[in-house]
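Below is a structure I'd like to ask you about.
When the chains are written out, they are named A, B and C in that same order, and each has its own residue count from 1.
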């Protein structure tokens, strides 16, 4: 049994950008030479999630609306009250309470099974990285275990 | 260390059917002969989830209501607008935007620890497959790693 | 490759207590002597979750409000109707339908990658155990696989 580590670098284009990373992950599994095993797909950010769902553009628009409704940008988050907040304040701190609030609805990491040298996915299953905050450079960490 | 793969076939009976698969999973762990390790329990569908919670029928009715409230069948999903949608359209396509929307609240896969040749579960923890769409044949993929 | 098992005992102080367990987990990884691999962090309770997010106190207050809004204590849960309920009834049974309902929004287990003898975490990522029910003694199960 082997254990192999990769990173995937991404550049998100907008708040609630859904980036289909399925093919990039498949390539890494092939590169690793793992036929059977598991892969952990982990966001390295508190305001970017990973998600398995269908790559249908109208559905993605539905899911964006739903996430916005669950944790609206218009809501007043204490995390965004920079007059009061003292912890983890950076230069140019931006209001992103909504992005953290959206994040608790979505996975930080997803473990998927590997079969026949690829992700074992159902017919419509695709893996997305979901930007919850402003667009920026992001990274996903992969660990593959198998043989 | 060994890696062993199984599938569990299910037949769901209704939308929001909660099927307790704990015993079926325990049997597979015993069959695999793994004493200590991990098991990844993965739904192979975008509209079926897996969930750990208590097997108390009234609680299950509460959770069904909550999921229906979070992503109601009565809401107009763009995914269900077959006059506009062009992607992933099948013969006899049915409105299931609500099922995908429910799915983002629940896990696609759950990793659980194995101890003493069985799932390491707390007193009330049970593993459910949750049908979010119309009743049908479904499959769960299991990968067990351990010794 | 090795597989090592640990438990972390916790004492929660209040409903919606967020306990930062990051350092305790890091210590276990060091103790295990694993340089590269994965760790599964599993709650052994149906009303305690694990979560990765930022350790900023005002943000935690936002997340508590959000969880309370999603599954309010004031809502009437069938699980709490002790005149009707017969399953899993214990001595001194308490109303905790809200805690189970909150639990479906949060992970029971989180798999994280291990790199350079520690959790591979982004800058703001911390691991929390989240008490959803009344304060009590709780336990988290850890399985580490790696080399």
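One rule holds for everything that comes next: contacts are C-beta pairs under 8 Å (C-beta built on N, C-alpha and C of every residue); 3 or more make two chains touch, one makes a residue touch a chain.
The structure presented is a predicted model; accordingly, all values stated were derived computationally and were not measured.
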Using direct touches as single steps, what is the fewest number of steps from chain B over to chain C? 1
Since chain A and chain B are copies that touch, just let me know if over half of their interface numbering is common to both, same, or not, different. different
Please report how many Å separate the Cα centroid of chain A from that of chain B, as a whole number. 20
Would you please write down the residue numbers of chain C that are in contact with two or more other chains? 1, 70, 105, 107, 111, 145
What residues of chain B sit close enough to touch chain A in their complex? 1, 3, 5, 40, 42-46, 70-71, 77-79, 81, 84-85, 87-88, 97, 100-101, 103-105, 107-109, 111, 139, 141-143, 145
What residues on chain B touch chain C, complex-wise? 1, 36-38, 51-59, 61-63, 66-67, 70, 105-107, 110-115, 120-122, 124-125, 145-147
